[in-house]
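Look at the two complexes coming up: chain A is in both, with chain B in one and chain C in the other.
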Partner chain A sequence: MKRFFAFVKKEFLHIFRDVRTLTILIGLPVVLVIIFGYIVSNEIKNAKIAFLDYSNDNVTQQLKNDILASGYFIEENCFKLANDNKTVADKNNSFMSNAYSGDIDAAFKDGKVLMVIVFQEDFAEKIEREGIANMQIIADASDPNTATILIGYIQAIVEDFQRSMFFEGRESMEIVVEPRMMFNNELKGAYMYVPGTIAFILMLICAIMTSVSITREKEFGSMEVLLVTPLKSSQLILGKLVPYVFLSVICSAIIFLLGYFLFGVPFRGSVFDVVILTLCFVIIALLLGLWVSNFTKTMEIAMTLSLVVLMLPTLLLSGFIFPLENMPMFLQIIADILPAKYYLDAIKTIMLKGGGLMDVIKDFSILLVMIIVLVFVNIKSIKDRLD
Partner chain B sequence: MEREVVIEVKNLYKKFGNFVANDNLSFKVYKGEIYGFLGANGAGKTTAMKILCGISLPTSGEVTIAHLDFNKYREKIKLKIGYMSQKFSLYDDLTVKENFRFFGGIYRMSRAQIKEATVRLLESLDMMSLMDTIVGSLPVGWKQKLAFTIANMHSPEIVFLDEPTGGVDPLTRRRFWELIYQAANNGVTVFVTTHYMDEAEYCNRLCIMNDGKIIVENSPKELKTIYNASNMDEVFLKIVNRKHS
Partner chain C sequence: MRTIFYIIQKEFIQIFRDKALLSLMIIAPFAQLVILIYAANLEMGNVNFAVVDYDKTQTSSKLVNLMSASPFYSLIDYENSIDEAQTLLTRGEVHLVVVIPKHFEQDLEESNSPKLQLLIDAVNGTTAFLVNNYSRYIIGDFNEDIVIQRYPEAENMGKINCTYSYWYNDLLDYKIFMFPGLLVILVSLVGLFIAALNFVKEKELGNITQINVTAIKKYQFIAGKLIPFWIIGIVEFVIGLFIGKFFFNMPFLGSFWTLLLYTSIYLICVLSLGLFLASISHSQQQVMFFTFFFFLTFIILSGIFTPIETMPSWVKYVNYLNPFAYLMKVIRMILLKGSSFYNIIPDTICLTAYSIMMFFIAVFSYKKIS
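On to the complex of A and B.
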């Protein structure tokens, strides 16, 4: 044990002596969470919207007010609705008369608006008499993410509006149930980015730092010296991992706390479950780093390999920046073998939905299986090297 | 008087695929001796040393180190040997004291023992003022002296030096060898590989290697007489050239 402690102490000295790297390791999660939380947020504010209102009655007026009052939209006047055009739309009772579709196209093409809402002729009257009225939402889907989010906002607003009308004592109305963005109604960016950033940072600390620190001993020739000493290789490897587990815990805590206090990310599940899952992910990342260090001889190669094979996929294919559902099949398959996807999924369920370990048992067991596989892979590749 | 044998190697082979790095090596090293392995790059001297240090496994052959069978007591042997290589001497980002503490800790020395040894050894090197200096800022020659001292800190029976004085001038090399003599006088056996001829002269006995084989083994003085040469440089060239012609 004394040997082991002497070694761990040396590792900590290496880390603390390298102030620049340490600053990056501690500073990066803070900067990332803040950037992701504030700037690259998924929350869309002041999206330009235009209304094509064939009815222009008190109900549509109220709906429009509600939409604009939400803060997500600002109105752009693209359509001049002359009264005599009303008849054109009236004829076939469709809300998209030929006369206007051209205008809508133009509005989108000019980039003036991201969304157009069309209200049917005699909107209020139809609700009053038939209980059904139609409005159409046309979104600019050249950016499908934004379009989906904006549609979600509108649906939520309309639903609220319906409910308020219902409570005002009107006749029962056709209530069209629409999908909602559950657990994160406003799609607050920070919610996704907190677990996403943790996965990314843990990959950085555990995988890259570990592989670099082991290959450093090889590159500087100190590995030979260590192998001549009575230090066991298991002590050597564990001694390399311990300081990075410690750093990972600190960084994860910083990210969780920043998310909780700065961005009000809910923490509905138990802290214990999150800790267990995070440790699983830490172990996986460490094992990956160890595995990389097994077949690299220089720090540069170890660094590059970890960046390309571990970091980039974690960033791009874990579903925290780009939704996995929109990706081509082969990228989805790659995403399926990445631990980050399951970790993110489980953390989201626990943090945002208040689930327990049993609710994420699938993700959890996949992570455990990954640990077992990686332990075997590492043992095998270490053995191969010794022979 | 029968001298005590501390390293005994019999019919040692090391093969990498078809390449034979060590071809039937057999030799003995006695206690307190400075034994040198001399050879060109690729002659197989580092490979042989790595096997003796337990970093690499021989393909076949018997090795006994400090009276212990190599195959059975590898862990015990590790406590009795020290190692220093040219490639790495000490951790550059740690202070002198921290390096002592680390290597002392690895050999299970107590805190007090480490402290005592650090002070005693630094005083003998006249480097007490460097205790808290970062090793990376020291000149190469000083680092090598420190590295040798640290390799001896746990009082090993044998110290292996793999081209220990690479990249330093002959004067610094000479100073370094004063330390080696000191250790040998205290009964430590020193096993050194080198391709510097002046270093070869300093050894008690030399083993000249070429293409993985031991060509000749004798004291530098005897070698010079046998090959009718004025210095080791000539001896080495005569041996290697005869081999190739």
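On to the complex of A and C.
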């Protein structure tokens, strides 16, 4: 036991001596949480929009006001309506934008506007007489995320506008919808990103750092020195892992605290449950890192491999950024094999929704099974190495 | 010039000798490209919902039927109380609970401002926003039908017919959007990580001291380190473009040469950054974390996962210092919108200036004394 502690002390010294790496290890989660919290949001403000208003009457004016008053859009004037074009537009009611499609294209290509809204000629009159008027919304969909969000805004505004026309004088017949945004009534993006960042950082510290620290000993030849010491190989491995467990606990605590105090991400469930789950995830990540180090000989390869096989999937296939439900089958299968999905799921339920371990029993047991499997896999491959 | 050439030759021999790293360098990015292109999709999936019906009338069941008939919604269960429904929300089994209060039908008939409550799981704000919008849309239609039944003349009330066109990506195919972004990640990975690791490795193993005592000038050494990875980066980029074009049928509207020119300037910038980070760090572990830090920050700010439009406006200014943002913006403009060289002149000027600056920073930060 004394030998073991001496070894753990050596490992700690290794880590704490490299102040730069340590700074980055602590700094990275801090910066990431701050970036995610302050920069990433679900809302678009002041998107540039241009109107092509062939009618310019009081109804289109009112609609435009509604759109601009929402705060989501600001108007950019990039079209000059020429009188001779009026007739062209009138003839092609279904493709009102045709006469200006060149101009619209140019505006999109320069990145001047994200959306163009076209109102038909005699808009108000058509609503009055024919009961229907046409309006065309053209979005630059080279970024479909932006396009979908912006069109969602417009849809809601036009819908409201129509409804208020429809229910004029019949207000009391309108169903009053009271949406309650459960668990996150301000729709803060940080709610998604704090748990995601934790999973990501834990994977980084545990998996990459462990695999690198072991291959480092191999590459520099100091592994042989360690192997001839009276330390048992299991002690050796454990000694390598302990400092990183310690580091990852500190890092996750920092992230939780930052999320709580800076962005008001709540902690509704029990701390104990979160700690248990986080420890499970840490152990899995450590075992993965160990496993990678078993079949790599240089740090360069260990790093690249853990980056590609462990980091990127944790970022992209965990439901952190992109929802898993819409992914094709084969990606969902990959996501099912990875631990991050279950961890994130469970953490969100407990932290944000105030659930208990019983609510996440499925995720929790899958994580436990993963630990057992990985322990077996590692025992097998470690033996090979010592031969 | 000949000195640089010899260094390049040495680097290539070294790169091709390490078969494991080489294959990782080639296979990994393309595997990523092919797999991850399917990952990005922010569309709303199927929304499971539950109903708490305190009214239990024909009208309320009609509304529920209307909602479950929608292709986006599937009804999971009727619950007896809000508490039970909330448990489902907590466990993530449903995303939406519709609460129909008592006297809903009666209130509708008596024009008594009937109320309806929606409980939306808002942990993911984007989905919550969409679910809210869409539910109100269905409920609004339902409401209008009832009004029209009562007052048939209301049917001819003015309507606005909206047509939506999505230019440059009319089916809102996320693959088309993700592909250029992934290409940027792919070439930047080579640029930042591999080059930086390679440089530091030389330091860590100590053979840089041998180079330090030769007559090789600082700029020659940096250039010699930069050019091989610059070539590899360009080759990977071109192969990536071909894969996109021929396997995924990605649009390629603009000029290939404009894009290639721009990318090669970009690579100089990224590689110089990588070499700069390498020359100020002492071990592979350090440089790995340095580059990783910048990589991640730059990627997020460049707007690949979440649109720049959703970020605060000062991010735009920060992005002048973010090389990834330059390529991310321009590659989409060229590939998807067919923007010409004329459209990207301002970006090209900024990027060129930035690359030259970055190269000199890399040269000056490399010290021949250890």
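Keep in mind that, in the parts below, the second predicted complex is superposed on the first by the 243 of 387 C-alpha atoms of A that agree within 3 Å, B and C clash if a C-alpha of one lies under 4 Å from a C-alpha of the other, contacts with A are read in each partner's own complex, and residues count from 1 in each chain.
Criterion: a residue touches a chain if its C-beta (ideal position, glycine included) is under 8 Å from a C-beta of that chain, and two chains touch if they have at least 3 such contacts.
Not measured: the values here are computed from a predicted model.
Visitor: Scan A:227 for contacts with chain B and chain C and give back first, second, both or neither.
Guide: first
Visitor: Considering only the touch criterion stated at the top, classify A:336 as touching first (chain B), second (chain C), both, or neither.
Guide: neither
Visitor: Which chain, chain B or chain C, is in touch with more residues of chain A?
Guide: Comparing chain B with chain C, the partner touching more chain A residues is C.
Visitor: Where does A:46 make contact in the superposed view: on chain B (first), on chain C (second), on both, or on neither?
Guide: In the superposition, A:46 touches chain C alone.
Visitor: In the superposed arrangement, does A:75 touch chain B (first), chain C (second), both or neither?
Guide: Touch status of A:75: no partner.
Visitor: Once chain A of both complexes is superposed, is A:17 in touch with chain B (first), chain C (second), both, or neither?
Guide: first
Visitor: Regarding the shared-chain residue A:299, is it in contact with chain B (first), chain C (second), both, or neither?
Guide: After superposing on A, A:299 lies in contact with chain C but is clear of chain B.
Visitor: Do chain B and chain C touch any of the same residues on chain A, and if so, which?
Guide: 18
Visitor: In the complex formed with chain C, which residues of chain A make contact?
Guide: Where chain A meets chain C, its residues are 18, 20-21, 24-25, 27-28, 31-32, 35-36, 38-44, 46-47, 97, 104-105, 108-111, 114, 127-128, 131-149, 151-152, 154-156, 158-159, 161-163, 165-167, 170-185, 187-189, 191-192, 204, 208-209, 212, 216, 297-301, 303-305, 307-308, 312, 316-317, 321-323, 325-328, 330-331, 334, 345, 348-349, 352-355, 359.
Visitor: Would you mind writing out the residues of chain B in touch with chain A in their complex?
Guide: Of all residues in chain B, those touching chain A are 50, 53-55, 75, 78-79, 81-85, 87-88, 91-94, 98, 101-108, 160.
Visitor: Quick check on the complex: what are the chain C residues that touch chain A?
Guide: Result: residues 18, 20-21, 24-25, 28, 31-32, 35-36, 38-43, 45-46, 86-87, 89-92, 108, 111-130, 132-133, 135-137, 139-140, 142-144, 146-147, 150-151, 154, 156-170, 172-174, 176-177, 193-194, 197-198, 201, 281-286, 288-290, 292-293, 296-297, 300-301, 303, 305-307, 309-313, 315, 329, 332-333, 336-340, 343 of chain C touch chain A.
Visitor: How about chain A: which of its residues touch chain B in the complex?
Guide: Against chain B, the touching part of chain A is residues 2-3, 5-7, 9-10, 13-14, 17-18, 220-222, 224-231.
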